[in-house]
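So, here's a batch of structures to check.
One chain, chain A, links the two complexes that follow: it is found with chain B in the first and with chain C in the second.
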Partner chain A sequence: MTALIATLRRELASLWLTPLAWILWLALLLIEGGVFASIVTSFATNPGLTLDVGPLQAFYGQSVFVPLTFLFVCPTLSMRAFAEERRTGTIENLLSAPVSAAAVVLGKYLALLVSFSVLWLPTLLYPLVLRSVAEVEWKVVATSYVGIFGLGAGFLAIGVLCSTMTRSQFLSLVLSSGVLLAFIVLGIGENVFDAGFLQAFCSHVAIQSQLMETAQGIVSARRMIFDVTLSAVPIFLSVRVVDSWRWS
Partner chain B sequence: MIEVQGLTKHYGSVVAVNNVTFRVDIGTIVGLLGPNGAGKTTTLRMLAGVLGPTHGTISIAGSDLLESPLQARACLGYLSETSPLYPEMRVGDYLTYRAAIKGIKRRRRPDAVREALSSTHCDDVIDIRVSNLSRGYRQRVGLADALLASPPVLLLDEPTAGLDPNQIREVRELITTLRQSRAILLSTHVLAEVEAICTEAVVIHRGQLVAHGTLQDLRAGHRAADVALVVRDPDRLTPAICADLGWGLRPDAERAVESPSVDAGETLRFVVYPEQLTGSMGSRLEELVAVLVKSGVGVRGVNQSSRALETVFAELTSEVGTFAP
Partner chain C sequence: MTSTRRWPGPLSKPQDWLRWSSAIAIASAVFLSVCVNVLSARFDRRWDATSDRRYTLSDVTRETLSAIHEPVVVYVLLSRADTIAPTVQQVLAGYTSLSRQLTLRWVDPDRDPGQFLATQAELGIAAGASKGDKSLSDSIIVITRGKGKSYVTTDDIAIVDPETGESELRLEQSLTRGLRQLNDTSRPLVCFTQGHRELNLNDEGPTGLSDWRARLRREPLELTTIDLGAGKQSELKRCQLVVVAAPDIPLSTWAQEQLRAHLLEFGSMLVLSNTIPDESGEIRSTGLDALVSPATVSIGRNVVVEQDESQRLPDGFGESFFARVSDHAVTRALNRGTVERSLRVLVSLAPTLSIADETLTRPLLTSTEKAIGVGNIGDYLNKTQKATAAVTTAAGKRLVLAVAAELRGNSQGGARRLIVAPASLVENRVMRLPALAGNRAFINGALTWLLARPVGVEIPSAHHASRQLNLSDADLTRLNRYVLLIMPATVAVFGLGVALARRQRRKSRLS
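Now for the complex of A and B:
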């Protein structure tokens, strides 16, 4: 546990000591802030608008920008996790230390999760601002963040796995972006295919559908199991890959 | 303290290390020697737990590295060849982090870091970012990292690479001091370093162990001596006199005096294998000089030296290596 916490703290310091995390933060807040402002403005300037959802549901569940921010935030945050260690050779120091591969992988992964959460933290201000002019359903806010965190955790895990597969940060970024893009494209299949296995499969992995559900205050076991699997399988594989370096 | 049995590493069809067996006890500094690509770094990386062997066993301070990896790795300090560090971290923070993952208790960490930095003479860089350190300082911070937690086994890959002469002397003194309570295995290309601080040497060539023993034993196994005679008139060195140079040798000792040659104008060089001489080296040389003086060649100086480790190394590894992992 000491090694895990030490790795987590080092990774956090390393992420936030470089400009990368700050640039990501700025970009994310600019995009999400702009999207939220335009949604609220749209609702305010069209009082006759009759929709099933309010501005918060529209922001968390229907805006295409939330899944798109996953596409640049998760791969960029996770690309250096192991690729950089292997490129610079510092991985030798880790492998020769009395620490397990699982502790190293989990330490790095938890640091990414904390950073991801910090990136999204300021968006909590949006419902707080909205509260001054309208009633806010806090349950919707809470479940929306559960959905965002669940998907983010899964995509960061995929990013960590991609980072173990190459010494190049850029290649790691391309790999994990490709996988995430595949999920987004598969999600579109939910509305393309007729009812059947393919449609059910695409619906199961659709990011937008999950975000829409959680934005309506629904947290289903099926979605949560999907998110946990999306995190656990890549992290397990990452541990195996790191262990396998000793035998390559 | 370090026991290696039948250590073998294959990279595909290439055998990088082949059935290497040796032991390093507490109180000894063993130099790991070999030409480039001989398998030294691969061997050290396997001992450090960075690479797994294809066959063989490694025991570190009584713990099997494959069966109890965490326990074994807790007993070793490893300085890798390039001493890689995290450039964005300050030296003190880096070593505190390393102390934490090496299991040093939180209360002990500041002292452990200070002691390690002090022993490697880099206390003054504790607040400097690693990216701003010179090559020499990086090397010493890497060494300080290896010394954290006072491990009983030290594996040092080129510990003095990149250091200036004063730093080299200090690091050598430090390693010699550390020897008292540790088993130290160091890889180096600098044979003078091995002669200066090592008590034993392991020579690897093309992945195979070709010699292991104390430096005296290694020299004894190759007890040839270089003899250089400075002669006054090499033109008088006729074939008949050259034949006389074999004078005083046993009939079966053809190699006792081999390849007499005249080079550099006036210097006559010999390689002499004393064990094949019938008498002592001194008396044989005396007789040799007498022959040369009597024949009018004249002798102005005699220089006899036992073979340097460099020569022994060259003889052991005369073939060109074929693989550099």
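Now for the complex of A and C:
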């Protein structure tokens, strides 16, 4: 546990004392702020849009920019987790220390999760700002963040796995972005294929559908289980990969 | 730069074992996660966090879905960009998660116009097609089972209040009704008597029945009117159910005999009781007593006035109030309630009913113990001395407002049932109010019981949280300033602070 916390602190410091996290944060807020402002404007000027979906539902669930922010935030945050350490050779110090592979991987992963949550934290102010001009369902806001956090956790885990597979940060970024893009593209298949196995599969992995569901206040067991496995399997594989470095 | 990676070379036995165990662990983890995901997709469970539980399906829908034992295909002919598309998707996802017999086929006219036209042709909903007074070309959902089809149009799912202009989605009601219609192909004949100034099915005024008629026409029922005025030949024999809707002039002896004979020999009857005051305010006989006497029921010549302030409406003198619901098959939907939405029954100007044989006839609706029956409204309102004499009290008991009786089998052994209930339950002024779902649930329960088949899908509409934005230009400017300027600027300032602090520390370390 001590090792895990030490790794977590070390990773958090390395993320937040460099400009990367701050630039990411600024970019995310500018993009999400712009999207939110345009959604609110269109809802304010077009009352016909408010039949059953409000601006918050549209922002968290229907906007294509939320999945797109995953595409640049998660790989960028996670690319340096192991690739950078392997390139500079500092991983040797870490592996030679009396620390288990699981503690190293989990420590780094938790640091990424905390950072991801911090990046999204200011967007909580959006419903707060909107509260004075519209009715806000806070439970629905909470489920929206459950959806974002669940998917973010999964994609960060994939990013960590990609980072263990190469020494190049850039290659890690490209790899994990590719996997994330594949999820987004597969999600489109939900509306393309006829009812059957392919459609069911695409529907199961469709991130836009999950975001739409949680934004409307629905939490489904299959989505939660998908998110948990999306995080657990890559993290388990990463532990095995890091462990394998000790054999060589 | 050459790679510094060192391959282990020939494997030693412990390493070999480690690699194999690792490979097996990875394969097991992947296999396990696939299994868990397949199982979770098959047995999905959903939780609805909305304040009005708008995506939680009602008990009526759950019962309907559990009764489906054959494959049903639900075609959705709607653009994904439509404002109601997300809701349609979520509600249908709830349906499919409850029944594996349901298959969903979404055809988007914007993305695939060719497929859309082909599906329209396949389902027989090309332009101009109609069924009854329903234009099928407006169908956005078609439910099919074998050759049976049920159509849901935009008018069915979006009800627009003409006064406020607000829209209300009734998607679940329409879908469940559609599913039920597929299960039921016969159409029992429901006859409304005429000739004694009964409430009119075509009357769109507050005391008319046009709204009830519109609801009944969505059900697999055939509606007709039977004129019982002045010795006309009636065709009551054909009717599975006869509705006597509050005659404003007393029923003629001939009409009473016809209806009584029908009840004793042929079918069921719904008697909607009313009160007819004369010029002095004295309540007169409606002639309905003769009809309800086989059920040992007598109709009082009075009006029930509720004196319990928690039950009566603030307007009036207590003639309109919420009734207590007794336990009966008719009131099952009311007593059980659906998804935390309360269902109350509002009655108005109801006469008291007396039951002689409670083994045959049971009460459905009652007043509180504080209610009284007033024989002369004029005297009661003017508080004359005669008023006290004309008051009926139940000595601490509740006054009965509606009853249900199951009569003994006729010569063919057929079931005959009778319900007597206040006419105000089905008048337009009540049926039109979304909040009075209890009245509609009661009358649906009554028809279901009388016809011994499910009638009506009354799912109370949830209160939708208002999504309307009350934004002025100044509000919008302030909001934009917050999200586009202040929030990013704060982050930028903090980031700059961290960078400067770090630079400072590095400088001091160097010095």
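Rule of thumb we're sticking to: the second predicted complex is superposed on the first by the 243 of 248 C-alpha atoms of A that agree within 3 Å, B and C clash if a C-alpha of one lies under 4 Å from a C-alpha of the other, contacts with A are read in each partner's own complex, and residues count from 1 in each chain.
Going forward, a contact is a pair of C-beta atoms (placed from the backbone, for glycine too) under 8 Å apart; a residue touches a chain by one contact, two chains touch by 3 or more.
Please read all numbers here as calculations on a predicted model, not as lab measurements.
**Q** Go through the superposed model and pick first if A:124 touches only chain B, second if only chain C, both, or neither.
**A** So A:124 meets neither chain B nor chain C here.
**Q** Using the touch definition from the top, say if A:97 reaches chain B (first), chain C (second), both or neither.
**A** Touch status of A:97: first partner only.
**Q** For A:185, select first, second, both or neither according to whether it touches chain B, chain C, the two together, or no partner.
**A** Touch partners of A:185: none, neither chain B nor chain C.
**Q** Touch check for A:64: first (chain B), second (chain C), both, or neither?
**A** A:64 sits against neither chain B nor chain C.
**Q** Between chain B (first) and chain C (second), which, if any, makes contact with A:88: first, second, both or neither?
**A** Touch status of A:88: first partner only.
**Q** Looking at chain A, does chain C or chain B touch more of its residues?
**A** C
**Q** Scan A:33 for contacts with chain B and chain C and give back first, second, both or neither.
**A** second
**Q** With the two complexes superposed on chain A, say which partner A:139 touches: chain B (first), chain C (second), both, or neither.
**A** The second partner, chain C, only.
**Q** Given the touch rule stated above, what does A:14 touch, chain B (first), chain C (second), both, or neither?
**A** first
**Q** Using the superposition described at the top, list the residues of chain A that contact chain B and also contact chain C.
**A** 17, 89, 247
**Q** Residues of chain C touching chain A in their complex?
**A** Of all residues in chain C, those touching chain A are 4-8, 15, 18-19, 22, 25-26, 29-30, 33, 36-37, 40-41, 43-51, 55, 80, 83-84, 86-87, 89-90, 93, 97, 103-106, 108, 111, 158, 167, 169, 464-471, 475-476, 479-480, 482-484, 487-488, 491-492, 494-495, 498-499, 502.
**Q** Which positions of chain A touch chain B when the two form their complex?
**A** 2-3, 5-7, 9-10, 13-14, 17-18, 88-90, 92-100, 246-247
**Q** How about chain A: which of its residues touch chain C in the complex?
**A** 16-17, 19, 22-23, 25-26, 29-30, 33-34, 36-37, 40-41, 43-44, 47-55, 57, 61-62, 89, 122, 125-126, 129-130, 132-135, 137, 139-140, 142-143, 191, 194-195, 200, 204, 212-213, 216-222, 225-226, 229, 232-233, 236-237, 240, 243-244, 247-248
**Q** Give every residue of chain B touching chain A within the complex, in rising order.
**A** Contacts found on chain B: 45, 48-52, 70-71, 73-74, 76, 78, 80, 82, 84-89, 93, 97-98, 100-103, 145.
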